[in-house]
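Heads up, there are several structures right after this.
After this come two complexes, each holding subunit A, first together with subunit B and then together with subunit C.
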Partner chain A sequence: MSERTEHVDSVATYTIVWVSLLIATAVTSAVAFIDLGPFSVVVALAIAVLKMLLVALFFMHVRHSTKLTRLVVMGGLMWLGILITLSMADFITRGWIGVPGK
Partner chain B sequence: MASEVHVETLAVREQFDTASQQKNASTLGMWVFLITEIMFFGGMFLAYTAYRSWYPNVFGAASRTLNATIGAINTAVLLCSSYTMVLAVRAGQLGRRKTIMLFLVLTIILGFVFLGIKGYEWWEKFEEHHVPGASFHLEGTPLQGQAQLFFSLYFAMTGLHALHMVVGVGIMSYLLYQTYVGKYTAEYYTPIDVGGLYWHFVDIIWIYLFPLLYLIDRHGPKP
Partner chain C sequence: MNASYGIKSWLFTKDHKRIALLYLATITFFFFIGGIFATLIRIELLTPKGDLVSSDTYNKLFTMHGVIMVFFFLIPSIPATLGNFFIPMMIGARDLAFPRINLLSWYLLVIGGLFAIFAMVAGGVDTGWTFYTPYSTSYSNTWVIATALGIFIAGFSSILTGLNFIVTVHTMRAPGMTWFRLPLMVWSNYATSLIQVLGTPVLAITMVLVFCERTFHIGIFDPALGGDPVLFQHLFWFYSHPAVYIMVLPGMGVISELISVYSRKAVFGYGFVAFSSVAIAVLGFLVWGHHLFVSGQSLYAGMVFSFLSYFVAIPSAIKVFNWTATLYKGSISFATPMLYAFGFIGLFTIGGLTGLFVAALGIDVHVTDTYFVIAHFHYIMVGGTLMAYLGGLHYWWPKITGRMYPEGWAKLSALIIFLGFNLTFFPQFILGYLGMPRRYHAYSDEFQVLHVLSTAGASVLAVGYLLPAIYFVWSLRYGQVAGANPWKATGLEWQTPSPPPPHNFEETPVVTHDAYDYSTTVGEVIEVG
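Now for the complex of A and B:
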């Protein structure tokens, strides 16, 4: 029989993660009203990625999950990266070169 | 009747060697579904990113009309609901029936609070004529078409997210009933675990919607 037992995290761990998420929300809201130029997107997305990692690793138990599950999660994010990167490579560069006759 | 249901849920199906293998398969199945959801929402995030890069000025002006304070409060509400959800899953791991029910009820209440605040925001949009259609008008720009595009994406994305919240509240209500009739124990609580994955996923979608729709174009003059 399998020896693997269910990993039970402490309430303290979840509480720390929850408070961190609320702090990150306050920070991202406050930073939004400072003019950072193009970096406001970078900062907002960096904080969003941090919050996603906290939710996924702790609340969704990815840090205790099987290797196969982790592989599927990473694979999904990779496909999302392909969707956005390749599509934006098209949309952003359309105006770069003049098209004869257009 | 109750014992019959009990035996069925605890039994390891013939294709699995162990109960933990069966549970891992359920978790993996939910993740595969969530990946399809990532791609589903990903298409909308891509559309938003592409049009925002084409029409940055109007998208910025339209974004600044959204109420960032209400958005931040709703983010906090949703994060609190994820906290109560994970505590419900933890109670499931420990087989504490009453604690599961308490935290599921709290999660459902917070879900309704989020939807209520969201509904108020949408009502504001109707009052301000910021709903795409014949009576649409965004002050301070002649480019009403581009502004409608922003609000079309706003309503599609927040609407789809809210629909997922409604489904989530439905799932939590089902889990609450199943917990009430004593279906879940420390040995078998997979539906609570998997339902929790769905709830947290919907939370993560909002974690991206909030900054992208409300926050990244805050600086600059009000239209």
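Now for the complex of A and C:
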């Protein structure tokens, strides 16, 4: 455990990140009242990804972590990718063959 | 291990060995609860009419049998007991990396289990252990949320155990214990831990979504609320298929140890067996859609999932062939643990090969939701995991307790379990192929003969499970004193007294040989009973 790297960002940095997260939350709520059609989901997810990155990189110190820790984080994201990709393989192609009788 | 006494010294212990024994007691309790449900199911199925219990009660029986056995017995079985006890010892460490988190894991399993037991006592749950929506979220009037909450909490136990193992294997290996000197039990539990950490959070969030839909009527899975029921099956099986490998991979690790020590040879193709565990862990995440072939899933996705499912057979077959090759020209002894290992290889192979049947799109349409599937997964979970668990428990019992179990009785019970298991579940392959659907308590008369055979087998099996429970307890007091290394095994866990001292080793061991180096002890035969 001696190799642990304890870089801690300044209070100012944390405050900026925190305020950014609050603004992002406010934007998400505001956008929910505007009808963007299919882009509503895109905007909501884009903001969510941005917030996730801020939390992981700053609050969870991934920015200053070892390569192994970053690998773990990337692994987690990759597995989320597997979940979404293979599930979408079903949802996207479901209509390709008609249902008999319809 | 017995450095201190009293109930507090157990409930607040941070010793991985004591925590393993707490788990052992807990999962044994759950095993017998699950077994009672199984007994009631089998008695009901003796006759074609639904005469013992009502259909509603029957639905609850098979649901609670599944929930208890899967989440509170099989998932924690080998990792949390044998893994917890022996992984630190096998790598030459004094404990796991996070002893307090290890204790927390056990408390979480107990708390989760209490919720499940509360649900059972309060009236039960009838959705099947799979909680398929929209029935579970919109229609069932039973204790879905309490059960789901229990599973949610027990899931964190599983995640934390996995995390603990991963960090321990990375950071706490003894000097000289390189990755490719690790016993294969460690490799397979490491691979299992990866699945636990990557998969279990998805089960947790799925249970939260079920809760949200059931309580707040937020449309996620129920089509009437604008949801998609197949989405639930995707999320559920993304965890629950890999969960099968959480159950069986540690068993494969145990079998590698047993085959090696009882044939006095290094495991053939160590590297292949080690990496096949990791391959199973990774590939296991790409195949869940084979549970959805008749769910309304896209045919194209079904084809991809069917194709990928066949890939898992490759690393599984590598293991089976390498174990068999290890036996070649080995000095084989038929001690009880080895009998379980042989049982595992045979039964796992049957379970695995019938897995290819159900992974094939066309055949699966015929056998989906029949007893064929029931037989298939019991061959993997009971014929595989449980055989390995019992084999491992016998193998390490002298190390855990310092006492030998009675070899004659143990061999007899291994034989009874093997015969009873096959008599119980082989007829179910035929039943399923003939069209007997799962989850029915009444059936056509033509199926009765096979059901009677199956129930008879279950009775034999029950005797086989009760025997070890009795003689293990007996051996604590009356068993022959085992000594440090009764099997003359090479693993580090055998190079310290039995039972081990509080910090496992008097001095940190230094490793200078590969695992399973029996070159110096060739020709030695283990004398048994």
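Rule of thumb we're sticking to: the second predicted complex is superposed on the first by the 93 of 102 C-alpha atoms of A that agree within 3 Å, B and C clash if a C-alpha of one lies under 4 Å from a C-alpha of the other, contacts with A are read in each partner's own complex, and residues count from 1 in each chain.
In this text, a contact is a pair of C-beta atoms (placed from the backbone, for glycine too) under 8 Å apart; a residue touches a chain by one contact, two chains touch by 3 or more.
This is a predicted model, so every value here is computed, not measured.
Asks: Subunit B versus subunit C on the shared subunit A, clash or fit?
Replies: clash
Asks: Of subunit B and subunit C, which one touches more residues of subunit A?
Replies: Touching more residues of subunit A than the other partner does is B.
Asks: Just subunit B (first), just subunit C (second), both, or neither: which does A:A89 touch?
Replies: A:A89 contacts subunit C only, not subunit B.
Asks: Now for A:I97: first (subunit B), second (subunit C), both, or neither, which partner does it touch?
Replies: second
Asks: Regarding the shared-chain residue A:A32, is it in contact with subunit B (first), subunit C (second), both, or neither?
Replies: first
Asks: Quick check on the superposed pair: does A:G76 touch subunit B, subunit C, both, or neither? Answer first, second, both or neither.
Replies: The answer is both, since A:G76 touches subunit B and subunit C.
Asks: Go through the superposed model and pick first if A:M60 touches only subunit B, second if only subunit C, both, or neither.
Replies: Once the two structures are laid over each other on A, A:M60 reaches subunit B alone.
Asks: With the touch criterion stated at the top, can you tell me which subunit A residues are shared between the subunit B interface and the subunit C interface?
Replies: 1, 68, 75-76, 79, 83, 87, 91-92
Asks: Hey, which residues of subunit B end up touching subunit A in the complex?
Replies: Those residues of subunit B that touch subunit A are 17-18, 20-21, 24, 27-28, 31-32, 34-35, 38-39, 42-43, 45-46, 49-50, 53-54, 68, 72, 75-76, 79-80, 82-83, 85-87, 90, 93-94, 193, 196-197, 200-201, 203-204, 207-208, 210-212, 214-220.
Asks: For subunit C, which residues count as touching subunit A in their complex?
Replies: Residue list for subunit C touching subunit A: 170-171, 198-199, 202, 228, 230-231, 234-235, 238, 285-286, 288-289, 292, 296-301, 304-305.
Asks: Can you list the residues on subunit A that touch subunit C in the complex?
Replies: 1, 68, 75-76, 79, 82-83, 86-87, 89-94, 96-97
Asks: Give every residue of subunit A touching subunit B within the complex, in rising order.
Replies: Interface residues on subunit A, with respect to subunit B: 1-2, 4, 6, 8-9, 11, 14-15, 18, 21-22, 25-26, 28-29, 32-36, 40-41, 44-45, 47-48, 51-52, 55-56, 58-61, 65-66, 68-69, 72-73, 75-77, 79-80, 83-84, 87-88, 91-92.
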